[in-house]
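Can you keep this structure in mind? I'll have questions shortly.
Here the chain labels run A, B, C and D in written order, and each chain numbers its own residues starting at 1.
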Amino acid sequence: MTVWNENRVERTDPGVRAIYPAGIHETIASAIREHLGERTEVRTATLDEPVHGLDGAVLETTDVLTWWGHLFHDNVADDVAAAIQQRVLDGMGLVVLHSGHLSKPFLRLMGTSCNLRWREADDRELVWTVNPAHAVVRGVPPVFAIEPQEMYGEFFDVPTPDELVFISSYTGGEVFRSGCCFLRGKGRIFFFSPGHEHYPVYHHAQVRRVIANAVLWACVDQASPVDTSTCVESPKGWFEEQA
Amino acid sequence: MTVWNENRVERTDPGVRAIYPAGIHETIASAIREHLGERTEVRTATLDEPVHGLDGAVLETTDVLTWWGHLFHDNVADDVAAAIQQRVLDGMGLVVLHSGHLSKPFLRLMGTSCNLRWREADDRELVWTVNPAHAVVRGVPPVFAIEPQEMYGEFFDVPTPDELVFISSYTGGEVFRSGCCFLRGKGRIFFFSPGHEHYPVYHHAQVRRVIANAVLWACVDQASPVDTSTCVESPKGWFEEQA
Amino acid sequence: MTVWNENRVERTDPGVRAIYPAGIHETIASAIREHLGERTEVRTATLDEPVHGLDGAVLETTDVLTWWGHLFHDNVADDVAAAIQQRVLDGMGLVVLHSGHLSKPFLRLMGTSCNLRWREADDRELVWTVNPAHAVVRGVPPVFAIEPQEMYGEFFDVPTPDELVFISSYTGGEVFRSGCCFLRGKGRIFFFSPGHEHYPVYHHAQVRRVIANAVLWACVDQASPVDTSTCVESPKGWFEEQA
Amino acid sequence: MTVWNENRVERTDPGVRAIYPAGIHETIASAIREHLGERTEVRTATLDEPVHGLDGAVLETTDVLTWWGHLFHDNVADDVAAAIQQRVLDGMGLVVLHSGHLSKPFLRLMGTSCNLRWREADDRELVWTVNPAHAVVRGVPPVFAIEPQEMYGEFFDVPTPDELVFISSYTGGEVFRSGCCFLRGKGRIFFFSPGHEHYPVYHHAQVRRVIANAVLWACVDQASPVDTSTCVESPKGWFEEQA
């Protein structure tokens, strides 16, 4: 799998660098390694690498891509965003974190504005499990706190999630659908809102566990053979040999 | 409401003109007038009008837009497609018919390829109700036949519908999710697959009834005041006066 | 439509009677009359009437039933609960309010424990719209406050709602899926959690509006003709005449 | 995991015994062993054993239960059905096969009639994947045929599945939602309609693969710690230590 990160604010803002000295991507990668260990091979990619570190060969061999971006969504090339969208439809998993809700790949896959309300303050976020049968909540307590945390509030303009896993509340009274699953084509998408560059959210034990669970859930280890590459003209009985 | 149509094949193909002498849009408009009568005001718009007949003033005053297009999706301007997408997110209803599954507005709103299998042959389509509690099935029998009909078959690469209303089978054995509801932003979308320019599908009593029901269902008569125009910075207590 | 109420605590507890002098059912009925006016005919029924006021003739002529009960769920006869369940499956709407989550009809229709967390304290509930395209939010602001209010918190053990309309937060930090739609058979169910006998919740303008919207949404004005009365043996071609 | 079977018709009907000499349960168990091998320990239980082979100790140590029953649903004791329902809500997986749609545990969990249309004839069933991102379709072709097969047709009176995986068509033109996922409480339920005692359906390679995939999907290997045992009174701050 591949952990993607803008990796700019870490280099320009000492406050962020103090929390994520090797970049947010390395902290996220360490969470996945911590929980999934030998089950997965983790590499990283960042905005300022050629092709943002996501050329065709990388995408083709990525089962699950995690995405963290914030201020530089526009710097992601349209063709790379389109290639990611296509790879998800072809069976890659995508775990979109925090401000990635406005990233080009996510916007293309959702078809909505993905806007929300926000506040940088000293809120405490409480993350509540509302789907205890779901694979993403494995080992997660009924509620956990992240403090301090940026507020993300409703209305969050995404399609109704195929599965809603977490709902968060904030000190200010807002609520947010903070853990959302979307199935698109042959691929799976998980959006998880916690995470802010100025707070050590990706060092939080439960956040790390959820991300690892999400990676495991999003991994389609053998993509379906259904053909979605084009509209296939299909003469009567086309499937007789296969079926 | 506004009935949109490419309105080209009717002018070039005598076979189509014989079935839809005034254009497919007029036949669809007549179905809506037949069932909804005084409850709605129906106008039409077509591809070769300026701005495709869908300038800002028209869209702004359209509660529900129906869409029929087939061979000339690419001739729809990107900015018109974007404006339609935005109007849906702001509360307009959209009823997408048949080959409109590959239209630009629908593709943008779905985020998937919207590809499917197809066959122009002599199949009989059977349309089965699988959601009898839904408003779109009002007055519709448990199953109705359309014959002859073009085949549209799975896998249909759309997001899981928020509500699945009809499933069709074909003589050749294929199945298709032929009546699908999608909620996006403040708007409602209904996709209904029956309809082919070479067959009198839009003269079919049940097809006409479903389209009218769908228009009624898709009509959000008072859009929600939630603000989705941007990510709104929201200081603590921002809602106190409103709430 | 019929408004059902236990109507016991109003007669024994002066505090409740002060808020709901004619019983909670009359206050709810007045909300529906206020918003729907001539469009609907409202009658009431209570636990201590014969057959709880819900004999076959009443149920048969009820399009939508609202339900408020709290301490005496067990006093509802099993056969009445079963008859209500059957009427919903046959196309009646059901609006279940507050502590009705543990009522026999709701439990039978959900198939889960319907348990939740609760606290009688001085919380403020904030009700957030998370589905602005839904008919139930018509005219409802993005957020509204109910204070003071009993807390109902997650995990709420119901099936995933077919449509989630509202999420609430409480001063204590809990969240709750407070407005939930369920389609069952040919009928529609709306659960709305606000409401407590010791607080004037059913006098709250937005609560009254939501209840009226929900009644309108839940009303299936012409039940589908699909046959769900039994497993129907269906010889090949059974539908030819109908289709 | 535990494979449950009525195991009566195999003993009384030589035709069935010829196809399933050791009982349908042994054939189903062999499918699971074939695909999951060492990953799972399979035992069987049948109607005529004490407590139907499903006493508390068995249920408590069962991660996934598969269910096949047809003519003797009424012979299952109510308290056993209730115990199964409770175990699912507490995190057990349940895979309900074919005529198990009318079994007591399934009816209790669904809350609907679960009725459908049916025909014992010489239909060919075609099973189509409509959710290629789902774990249950791993290794399954886009369509596969089962012939001959009993027809199960819509309308199938179940709640809208949380995830719809397969839709079937039949020679007679009917359609059926043949692979349906339901999340209930902390547990997962998969209904899979193929399977008839007079046909060798459970020897079919793809049917066997789907059942094994479904067992794997339904297995919640560590139930969520959310408390659904009762309505929990929760004083303000109850979660502070945990969160």
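Here is the rule we go by: a contact is a pair of C-beta atoms (placed from the backbone, for glycine too) under 8 Å apart; a residue touches a chain by one contact, two chains touch by 3 or more.
Being a predicted model, the structure only gives us computed values, none of them experimental.
Chain pair with the larger contact count among A-B and A-D is A-B, by C-beta pairs in contact.
With chains reduced to the mean position of their C-alpha atoms, the one farthest from chain A is C. Separating the centre of chain B from that of chain D, both taken as means of CA atoms, is a distance of 36 Å. In whole angstrom, the spacing between the mean C-alpha positions of chain A and chain D is 32.
Multi-chain contact residues of chain D (touching two or more other chains): 126, 129, 131-132, 142, 153-155, 160, 162-163, 171, 173-174, 183-185, 226-228, 239.
Shown here, the protein chains touch in all possible pairs. Remark: chain A residues 85, 89, 102, 108-113, 115-119, 121, 123, 151, 153-155, 157, 159-160, 162, 171-174, 182-185, 226-239 touch chain B in the complex. Against chain B, in their complex, chain C makes its touches with residues 91, 126, 129, 131-134, 137-145, 162-163, 183-188, 220-228, 239, 242-243.
By the touch criterion given at the top, residues 124, 126, 128-132, 142, 153-156, 160, 163-164, 167-171, 173-175, 177 of chain B touch chain D in their complex.
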